[in-house]
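Both complexes shown next keep chain A, but they swap its partner, so chain B is in the first and chain C is in the second.
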Partner chain A sequence: MKKGLRCEDMGLELPDGRGHERMVLRNVTAVFPPGRIALVAGDTGAGKTSLIHVLACLIRPTQGRVIADDRPVSAWTSPHQDRWRRGVGIAFQHPRLLERLTALENVMLPLVPFGGRPDDLRQRAVESMERLGIAHLRSDTALALSGGEAQRTALARALVASPRFVFADEPTSHQDSDGADLVKKALGACRREHAVVVVTTHDSRLLDSTLPDNRYRLVSGRLEALP
Partner chain B sequence: MTAWKSLAAWAMRDQLRRPGALLLTAVALFSLVVVAGVPMLLARAMAATAARVLKAGPDLVVRRVGAAGWMPIPASPAVSAVSGVPGVIRVQARIWGVVRCADRPVTVMGVRADNGRPYSGLFVSPRTGEAVAGSVAAQCASGGTLSLTGAQSLSVRLAATLDVTEDVVAADLVLLHPEDARRLLGLPEGSVSDLALTVFHEGEAQALIPDIIEAFPWPASVTTRQQTVERYTAGFAHRGGFVALMLVPALLALSLLVAGAARPSQKWESEAALLKALGWTTGDIVVVQVAGGGVVALVATGAGALLSCLLVLTPGIHWPAELFFAWPGGTPALYLDASGAVWTLLQVLCFVLIPYTGALLWPVLRTAKTPAGHMAGGDWTL
Partner chain C sequence: MTVHPWVVSVAVLDMVGAVFLACGTWSALRLQAEWSPMSASPTQIHLEVLSETLSIQVRFAAGCLFLSTFLAALAVAWFLPDIVPGAMCGTGVLQAAGPEAKRAVAMRLFGCTGLYIWLVVDRLNRSRPEAPITVLSARTLLAVFPLAVLGVVSTTTSVAALDVQKPVDCCAAVYAAAGGGVAAGWISRIPGSVWTVVFFIFSGLLPALFLMTRFARERFAERLAVFLAGAGLLWTGAAAAALLEVFAAYHYGVLHHDCAWCLLLPEHRGVGFPIYAALLVVFAESTCIPVLSGIRRREPSLVDAVGARMRSASIRIMTAFGLFQVLVLVPPVVWRIRFGVWMG
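This part shows the complex of A and B:
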């Protein structure tokens, strides 16, 4: 496979806070093709967030590798990974918005390094916010947003640059049913744009929906494909 | 708009979101440049000005020394003796000394039209009973009359004042007719205070000293122009040393500023980690740091440099003499030489900007190779 994302025999050990290493991911092997949405379910502490972070090259796997469009990105140096991440959109489990910025400015952040006229950047950010039903909050500071609004702002930020790889960690955990529908629509649009989409969740509204093309379950760090 | 312009615009907008911190940094950098720049600029300008003015003086000055110190020189035999030294082309017998005028000391000099000029701009020739005084010395005149007290007392009419642009060396000077000066200083008839020599090649002045000393039947001390300039310069440097004490708090402030900028906070690293996660490179963050902090620093230090120039190089300033030099008997107006000021200001700007820019870049470069998820505050997995 040339395009898409795959992980080969990937493992991750992290300190457990008591001076020992804990195996968070074990021998994870999977293929995430473009234009398809992969849903990774799992209990709390199963390693879903770690999986997202390794796939996005925020942390290095302790074994195996991550290959994006046939390039071993997990083995690259950090500066190269930083540049590769311009094609990546990440929505963290916690929104991680910059508090001193407005919602619109937070959404604009991934666009700034690309350059362009400020009005164009602003317009693209507004469009991304409109897709998630939060355009009316553009002037509010991040601190003024509710949990659900902040989460959708973070997803708008992840999608604003039309990334080739989208990673969303529990994107509906703070959403009501309308909000969850908007999130599903936005992720569905990524599929149409042929992005690789990996979503972790334990929300039944996503698990039971028709959104995912592939389903996985993470159990004790092992990724199992579901029918 | 190219990427770096976009990043720079973002950085400046971000700076404006924190006006308090922005103002504090700007004021600190501005003050640092002024506190460091004014003494450095002043010391350089004073030395350069003195060197320029003294350049028109004699190549060598001969004084007679004895057990009691300086002694009067018998003019005619001394002039004859030194005129025979090969290389000496002109000899000027000078009458001068320090006397009191009201409550302040002034330097009295006897000059005649054919005497040439003791300093660069003094084309004056006072008649008997008249005086031409520097700006500070002129302040002790009462009703247009200078009352001078030396070996004898003398009252003379203040006929004119000297050009204030030479105040740096002539502020306390009183020029008199030679006979008035001789009488005031108590010099015997036919005696002078020293001899000012002009030599054929200034570069040979040092080499002529043994021959000149040999020419007199009494012990003599010979000073070159270079030594006079050095004495002035050393005097300014000595005073400048006290002035440089002001640099101590400046250095302390700079250290604090640099330490504050260089010490990455958990919040800063967390934000940098987030930006990297969102596709920003280390280069992008460097541009933002430099554009944001750099523009503030350039504006603040530029303003500081400008104020330093205005404070030191504005024609006719009085404050340095009042504040730093405590010149006796009033404060001369200073018309200081601006040559070399740009180089001095560049040194000051480098002194402030290099450590500050380094401090801005240090946290970014330190974490350049750290994966975003492993940066402090960026380890979001646990």
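This part shows the complex of A and C:
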């Protein structure tokens, strides 16, 4: 059994709103092994977010497939993908927090399907928030958080269930240098836990750091490995 | 048409069930024609949503129809005899409803069994992420739909024909049948002793085949399970006949009374419900096994899941078989111990 995440000859076409289909990803073939951080760089509109969405099975590729731990998850029906996604942590480009819930409640949400005592869930959520330096914000509603705080809360939510696959879309875009360091540390911790980590960014603080093990560049929907 | 709360409940449940079943079947038509696994086209994604919706709709419809069947049996056995002059049990109610009533009972049995088979197929299909037998599941539903709808239509027709003015002779007809009267069915024409022998032969065969399936090698176990299913179906027929012709008398405490409906009466502690439920389980699970065997040969990705389901089917058959044996054979033994003779 081949561990990790693979995409084989993957392509994605999306409607461009003018009645045509636009090729967003073309013939993407890559292997993202566990315990390594893959960093995907690319200009705005290169297809980074679409790549994250396809890898996390939020969109089905129109060509090729995504294989997670030797299982063709992109071809699965949605109830099975939903179950698989319990082992996936996604930090979206926009935090997408539930505004009326507190930061702590937002972070606890991915733990709910696993069950367990509320106190245990709360404890795990607080630990995840501590890793990202936002434990003091636990009682604040998501609406009251700044952009950077909300982004770290979203990352804490993505990582709280110790996922097997971590996808982070521009995780440092709203962070100051201290915040960016905390984000890098949290992603580094995922590597130690042998998770598959795929991060998209055009932030030089991540691009030039020692964090990534593999670097890629997306150019017009094509994924190129960088040395 | 007789407006009775129980009749209305059954009719409403039937209508709701039939509507949901029709919606599901309409989706099944599209699924079996256009299903294209691995495709990411908007049509396929829409079909996957449709498949999920279909599953929910038909499971709900099956729940409605199973419940309405149970309520119909309860109404015929317990409540409708009160409004039909001369009726003492369900036999009188069926007489008052005319010949369509017997057809309704048969169609309901087949419709419910068909829906049960679909539920088994659908569950297997949904157990695999690729949903490998979606087309088969859709075609099964298309085959089951007419049976289930005919059951609903027959029930509605017989309820509409229910005559609560004209007296019926109810169990007198059954007694007449015992004496070779006009109402005698082919079951009654064969002596009870023959049914008893056939029943005991299959009652011995069933556990023997079950044990063989448990201890046989994988490839023989499947074939033996199919034999077990065949024996189960034959046993169901023999058991039902032996129950009515021979063993029911021990529950009634009279020398000969082969009424199927009296067993459901509160006077007999409704013992017919678990007895008939056991027969239904053996019948339904025995019908499932050949279908499962066919799926196993056709779909390699489901071999393990189908194997597990076949094993659980055979366990269910044996559990229901055991329940039936206890409920049907204990009273004669008790009778024999108390009075020192067998009946008849």
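A few remarks follow.
Throughout what follows, the second predicted complex is superposed on the first by the 226 of 227 C-alpha atoms of A that agree within 3 Å, B and C clash if a C-alpha of one lies under 4 Å from a C-alpha of the other, contacts with A are read in each partner's own complex, and residues count from 1 in each chain.
By definition in this document, a residue touches a chain if its C-beta (ideal position, glycine included) is under 8 Å from a C-beta of that chain, and two chains touch if they have at least 3 such contacts.
For clarity, every value in this text was computed on a predicted model and none was experimentally measured.
In the superposition on chain A, contact of A:227 is made with neither chain B nor chain C. Of the two partner chains placed by the overlay, only chain C lies in contact with A:76; chain B stays clear of it. Contact with chain C, but none with chain B, is seen for A:61 once the two complexes are overlaid on the shared chain.
Look at A:161: by the touch rule set out above, it reaches chain B but stays clear of chain C. Measured by the number of chain A residues touched, the leading partner among chain B and chain C is B.
Common to the chain B and chain C interfaces on chain A are residues 60, 77-79, 81.
Taken together, the chain B residues at the contact with chain A in this complex read 1-7, 9-10, 17-18, 271, 274-282, 284, 368-374, 378-382. Across the complex, chain A is touched by residues 37-38, 40-41, 45, 48-49, 51-52, 126, 128-131 of chain C. Interface of chain A with chain C (complex): residues 60-63, 65, 71-73, 75-81, 84.
Partner chain B is touched in their complex by these residues of chain A: 14-15, 17, 24, 49-50, 53, 56-60, 77-79, 81-83, 85-88, 90, 92, 94, 96, 98, 100-101, 109-110, 112-118, 121, 157, 161.
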